[in-house]
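Look at the two complexes coming up: chain A is in both, with chain B in one and chain C in the other.
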Partner chain A sequence: MPKVIKTRTEFEGHVFEEYVVVEGEGLSAWDAQTPLRYIGRQIPRTDGPERVTGKAVYTFDVQLPGMLYGKILRSPHPHARIKSINTQRAERLPGVRAVLSFKNAPKLSFRQGQTFLFDEIVRYVGDEVACVIADEEEIAEDALELIEVEYERLPFVLDPEEALRPEAPNVQPSGNLLNGKPDIYERGDLDRGFSQADLIVERTFRTQCALHNCLETHGSVALWEGDALTVWDSTQHIFGVRAGLAQLLGLPLHKVRVIKRYMGGGFGSKNGLGKYTVIAALGAKATGRPVKIMLDRHEENLAAGNRPSTIQHLKVGARRDGTLTALELKAIVNAGAFCTWPPSVGGPARQLYLCPNVKTEQYTVFTNTGPLSAFRAPGYVEGTFALESLMDELAHELKIDPLELRLKNYAEIDQTTGRPYSTKGLREAYERGAKLFGWKALTSNPSPVAHLRERGGAVGERATKLRGVGMASQIWSGNGMPPAYAIVKINPDGTATVVTGTQDIGTGTKTVLAQIAAEELGFPIEKISVEIGDTQLGLYAPLSAGSMTVASVGPAVRLAAHEARQQLLDVAAQVLEVPRESLAICDGLLSSPALKEAVAIKDVLEKLENFMIIGRGAREPNPEDVAVNTFGAQFAEVTVDTETGEVKVERIVAVHDSGRVINPLTLSSQIEGGIIQGLGYALFEQRVVDRNTGVVVNDNLENYKLPTALDIPEIVFEMVDRPDHRANNLGAKGVGEPPIIPTAAAIANAVANALGIRIYELPLTREKILKALKRV
Partner chain B sequence: MATKAVRPKKRKIAVRGPGKTPIKLIVNGETHELLVEPRRTLLDALRKDLGLTGTKRACDEGTCGACTVLLDGKPIYACMALALECEGRSIETVEGLARNGKLHPIQAAFIEEDALQCGFCTPGQIMSVKALLDENPNPTLEDVKRAVSGNLCRCGAYPKIFKAALRAAELLRSGS
Partner chain C sequence: MRSFEHVNALNIQTTVALLSEPSTEAIAGGTDLLGELKARLRSPQRLVNLKTLSKLREIRYSPRVGLRLGALVTLAEIERHPVVQERFPILAQAASSAATPQLRHMGTIGGNLCQKPRCWYYRNKLFHCWLKGGDICFAEDGENKYHAILGADRCHAVHPSDLAPALIALDATVCVVGPEVEGEISLEELYTKPTERHRRMTILGPGELITEIRVPPPKKNARGVYLKAMERGSWSFALVSVAAQMSLEGERITDARIALGGVAAIPWRARESERLLVGQEFSEELAERAAEAAVAGAQPLRDNGYKVPLAKSLVKRALEISIRERSDM
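This part shows the complex of A and B:
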């Protein structure tokens, strides 16, 4: 009988309790003695051939008969009231099929009431005003220019600190501070902690607003068949989009289907329902034809989310020997115009180091800029930059090796809950990373900068290249959570199909799920197919975010495969007339000492006509007595050109602990990808908003600088690779976000080491470097 | 920081339009007759008129490389060329690489080295590598980096793209 229990889950720094229904028996993670055929092996992506041949159909590639295109008119003002809107000229353009705006579209509340689908108030440059549906994209674009809108401009505020002042214009009617108050966490006694300190270091750090720039932009295709709606969406959460659409459009869940087969990146920005999806559905309804809306690159950079900028006042107290006594963070986050899920900037300060007295205070502030969204380890990337920079300063002041200072304050338990960690391989990550990097040798000289300075030419000439090293650490959740469901079907021909409602956002989910099923079933992996990315498959799985897909869905798949295998053994024992316990399955063959030779599964099942085995699995609850987290350490070596201010990252060494590694090949891609995004964030990525107009001046790939092939350092990494038996029945935890968390901090520490001067603000542009060197 | 904008050389073309005009495109060795507005880009003609959606669009303004195809053997950004300009010239897209169901060695190498994550930049990366290897069968790592420096990959598959290109070069040289 299903049991309802309460479980604790952590998602992107937010902890909450939820009810889950559990059924059936649990399985324990494979132990070291179990021989594994697929788990832990380098298996190339099972959907690689579709992706390299151009056959994979992304949402952007969906073309339906009679399909129309939608283009969205966006606000040119950071804050305005729409006085009037005249769409007649646009409607008359040949090929235009509909124009939607607040005048004719239903008033649908969005983002928990902070905006409407088409709002009469626009709150940032890029806010949705109207949408043209036309035969061709070009026609829709032409028509946008024919829409006449009269705006009443309203006072606006772009800077979060200004927005907090009483005289600032209100971005949201309820005020500019999310929830009307800061989000505060406290443990111990902060004043006492600081009074016990021999040294207090206090600094203000600033991080920039970064744009996701997924190569596939946000977008959807909507199709109505009678009163049933099907939507193809480039999303990280098909079930979330289904729920949102059903609720907004007043449809029952069984009338809404959401499909996402392949997607060109999400990084957190595609976690929820977007306005374009609802507009496409309304447009399709209005015209009776399928409608596709894909944002263009500029819209993507205005309206599809960002990693918000932060201002972090951080204060740390320590004893002479390096023991932390108090840690205080006051963070201001620029949410933009809307926010329902603030990033947790204080997470690292609360969790990373042993410290009895901690306070974090976060002000999430509305401004008239594009709204934030989750971006790969939201909050933790920003918070880690500040915390790990300050730890380095502290080490410098105390004349302690930065790595030693971190080891000195190593936390064995999760101090926010008092629970021990299920496993924590950070110490090992530090040690292995330091060894791989050569940390000791590179930092042994009392003056590392001088030691590492490269002479620009002959002795005595001024050096033009400075070399530096730095490191940083990482904590993140990645524990996964229920609910997640899967079934495994064994077909009469001895193949098997895994069905679950998760989605592969580019991480290799399909491949990993096939490995898990093949392992548990004893089938060759070529005989396994994986069906995901469609709500019609009926099996809920959570959003692909928070580094939780494998740890949430993988265990359900294993349980389903396990149940299917049990059924197969039951059936085979009867058909083959051998004792059930004598049967083994390996490589898709049934063997038993009671049989002369191994029998193909197909030969058994085909005797039963179209009989089908269906095993079900549901993700177990998380353990109650331990904290399940992921950890890692990265080391960076940089050279800084003192003439041009250019920072070149020469080398990154990373060692991470995310429990068991299921596929070292696809995992390594995620690690490298995270580091490279972290490098871009450290050195050049930054949204620039014009102070006078609120316009994003670099909403394109020409001026918003992403890392290219020429910016890539040597990347060396290892995994601790120890199964976490308490985490789930795989012993695996997430790895999508951990690698981006410490990269910028490690690079910033290396740059500070090279320059002998610290820059407290990201990105570390040439201009800032030259300023620090007093060259401009 | 994209450095290498690959744009087709401007050629003199006869004035056509307004309205749709017939053109002939030779794509992957096959000739197609289609009716397009003069302003239609090669990219949209491939994707919308010919249904060849392997070539991607991520910016439509010559800054990402997702739309890279080969025009007379040279890599170009298909979003920066008008379909009209490409009339009668040889166009090669990612769909043309595999032959008789067998992957091209570059494609095989991309899979083996896991040189892709979301895969959205992949067709463009593969075409840039193809152009390089057609011209230089024995490239260095630096050659590879330069060849794909106009192809952005937000997932950061670069290290493996480099490996895949070098492996593909090896495969091609050994004749497999």
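This part shows the complex of A and C:
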């Protein structure tokens, strides 16, 4: 019988209490004695061949008969009122089928009422103004140039500190501060904490705005069949898109189907319903033909979200022995024009270290720039850079080894809830990482903060390079949560199909779910297929974000497989006329001491005509008495060319604790990918907005600098790989976000170590290095 | 991009005639032009495909006349050519530092030398900048970390080519044909600061084409290097680049040619540095002075001041590497 449970869960630094319905019997995670055939093994991606041979159909590749293309006209102004819009010339262009704008499209509220699908006020350069639907993409683009828009330009503000001033123009009618007040967290007594400190260090850190640049841009294909809508969408949450479309278009849920087969990345930017999806649905309705809208790279970098820039004032108090007494953060986040999900910049300050007196205060500020979205560990990447930089400064001031200082302030419990951690492998991560890296040898001589001069360097005998080392730590949720549902069907030929409504956003979810089902069923993995990414055929699963897909959906799949296996054993015992408890399933064969030889499942089920075994599974609730988190530490070694300002990351050592490892191959993609993305954030990546016009001038892959193969250092990583038996029935936690969190902080600490001077702002460009060295 | 007619070039003569017609442009590798067409900066009605001019795809070398590169030779071919690698290493270095392998397989030397600036205001349709016929340079008071520190006037864009500074250091010339001209000029003469009446970075007019690049045989005891500072390890235009070619007799510098990329609207010849070097024996102090002279008169904007020490460091380093490599011989 389904049970209704009230549960408290953490998602990306926000805590929720909600009802969930769960069902099925509890299973505990496999213990060390259980032999495992698939879990923990290097299983290549089950859909790898179709991905690398170009056969996989991504949203971008969907081609439907009679399909039209939409192109969106975007605001050239950072803030303006549309006085008039004339689409007649565009409509008359041969091949144009419809032009949508606020004049003829329904007035649909978007982003929790902060704007409309087509708003008469545009609030950033790139805001949606109109959309042309045409036979070809080129025709639609030609037609965009024929739309005549008269704008009344309004005063605008780009800088979040300026936006907080009373005289600043309002980006949103309610003012420029989200919710009209800062988001404040407090524990203990901050003043008392600072008064107990022997040393107080106070600094201001700045982080830049970073763009996701998913390989596959955002986009959708919409098709109406009668009153039913099908949408192919490049999304991290098919059920979220379904709910959003149904609500906006006034459709019942069974008339909206959202499909996402393959996807080229999301990193948080595809968590929600996009305007392009709704516009495609309206365009398809208006023309009676399917419509595809895919953003181009330029639109992607204007309007598809970003990691917002931050300004963080951090103040820490400590005793002479390094014990923290107080920690205070005041953060300003540049949300852009809209914000429904502020990142939690104060998360690391609240959780990472043992400190009784903590206050975090976050001002999320609207400006006339492209709106933020989640971006791989939102808030924590930014917050960790500042906190871990400050910890290094504190260590330097106190003449304590940076790693020692961190161990000194190790938190055994989650101080925001008072609960102990289910498992916490950070100490092992520190110790193992330090050993793999050679931390002690590199930092012991001649002083705690070592300046190791490169002899020789690039030029003759002149030393031109400085070498430095640094480290940083990470905390993140990654706990997963209900609700998530799955069924496992066993077919008469002894194959099985896993059905759930999650989505593989490129991380390998499909492969991991196949492993879990194969393990629980006792079937060869080749006999498992996984059907996901379809709201009509699948069962509800949460968004693929917050490093929670495996830890949310995986346990439901295991329960479904378990139930299917029970049913299989029930019928097999009766068909084979052997005691049920004597039966075992391994490699797709049924065996029993009562049988002469093992029997193929097929041979049993084929006797039962087309009997279908269906096992159901639902994600169990999270434990109420412990905090489930992920941890890790990274160590970086860099060289800095003092003449040219070039920073080269020589190597990164990473050790993370995300509970049980299900697949070391898909895991390594996450760890390495996170570190590389973190390196780009540390050194190169930065959205540049023209201060005079609000235009993003590097809205392309030429000038928005992602790391290239030549920038990638030697990466050595290990996992603590200790199953978390309290987390869920797999003992596994998420690993998508943890690896990006400490990378920039570790690199920044290594650069500060090399230079003997700290740079308080990311990215660490040649300009900043040369300025720090007083060469500019 | 907008639709256009695509015609194959038959021979140089008819190509020049075609290109002299309005709304007609040449296309070879297309790596530069296609970007402009997609951004709708220009919408020519006809493109003339030069790739059918097979005579322009040859690389020839003789010790007496030197190196002859047809305008359609790709950067990848230059980078890999054994004679270029052996006799003109700075050219091979410059070619291999440009863009990515994919782009180098498409991009031609002729197109590389004539490419348009990468200035993000020039490349963005929302800005009608001075170079595109407008009234102002948006970089002057805008986002200018990539812009010029030397010799800028109405426009602050820099010339983006990696090969141009290397070829200027090698004293290269180019053969130009056009409706009214046919001849050979030094590569340095090809480049011009854009002016009120001629808002372009080369002197080429409508219908005028580069057909061949000529590099004289290397001087005795010649040594050189191409150094390029980028924002990341590859696939970037130069923040600053330096091509230095020197000749020595014993310890004495007998010839020096230094050209910088990424600092001005044209590949920037550091003549004062060269003058300081020639006739002198090399020393670190001399390299320092030559480096200083290379950026004399620099007028950085708000965000590009770092290019001054960066250019100095690269010039000094280029000189030191050239000398050291000689002593290694």
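Note that the second predicted complex is superposed on the first by the 762 of 776 C-alpha atoms of A that agree within 3 Å, B and C clash if a C-alpha of one lies under 4 Å from a C-alpha of the other, contacts with A are read in each partner's own complex, and residues count from 1 in each chain.
The working rule: a residue touches a chain if its C-beta (ideal position, glycine included) is under 8 Å from a C-beta of that chain, and two chains touch if they have at least 3 such contacts.
Quantities reported herein were computed from a predicted structural model and do not represent experimental measurements.
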First, second, both or neither for A:F60, with chain B first and chain C second: first
Partner chain in contact with A:T666 - chain B first, chain C second, else both or neither: first
Which superposed partner A:E138 touches (first chain B, second chain C, both, neither): both
Partner chain in contact with A:P76 - chain B first, chain C second, else both or neither: second
First (chain B), second (chain C), both or neither touched by A:G674: first
Comparing the two partners chain B and chain C, which touches a greater set of residues in chain A: B
Chain B versus chain C as contact partner of A:F684, first or second or both or neither: both
Chain B versus chain C as contact partner of A:P44, first or second or both or neither: first
Touched partner set for A:A349, first chain B, second chain C, both or neither: neither
Contacts of A:R766 with chain B and chain C, given as first, second, both or neither: second
Overlap of the chain B and chain C footprints on chain A, listed as residue numbers: 138, 684, 702, 705, 707-711
Touching residues on chain A, where the partner in the complex is chain B: 44-45, 48-49, 51-58, 60-61, 63, 137-138, 212-217, 262-265, 267, 296-297, 505-508, 665-666, 668-670, 672-677, 684, 700-702, 705-712, 715
List of chain A residues in touch with chain C within their complex: 76, 125, 138, 141-142, 145, 458-460, 462, 643-646, 683-684, 688-693, 695, 697-698, 702-703, 705, 707-711, 765-767, 770-771, 775-776
Residue ranges of chain C in contact with chain A within the complex: 1-3, 40, 118, 120-121, 124, 126-127, 138, 141-143, 145-146, 229, 231-237, 239, 284, 303, 305-306, 308-310, 313-314, 316-317, 320-321, 324
Residue numbers on chain B that touch chain A, as the complex places them: 1-3, 37, 39-40, 44, 47-48, 51-61, 63-64, 66, 93-95, 97-98, 103, 107, 110-112, 114, 116-123, 126, 144-146, 148-149, 151-162
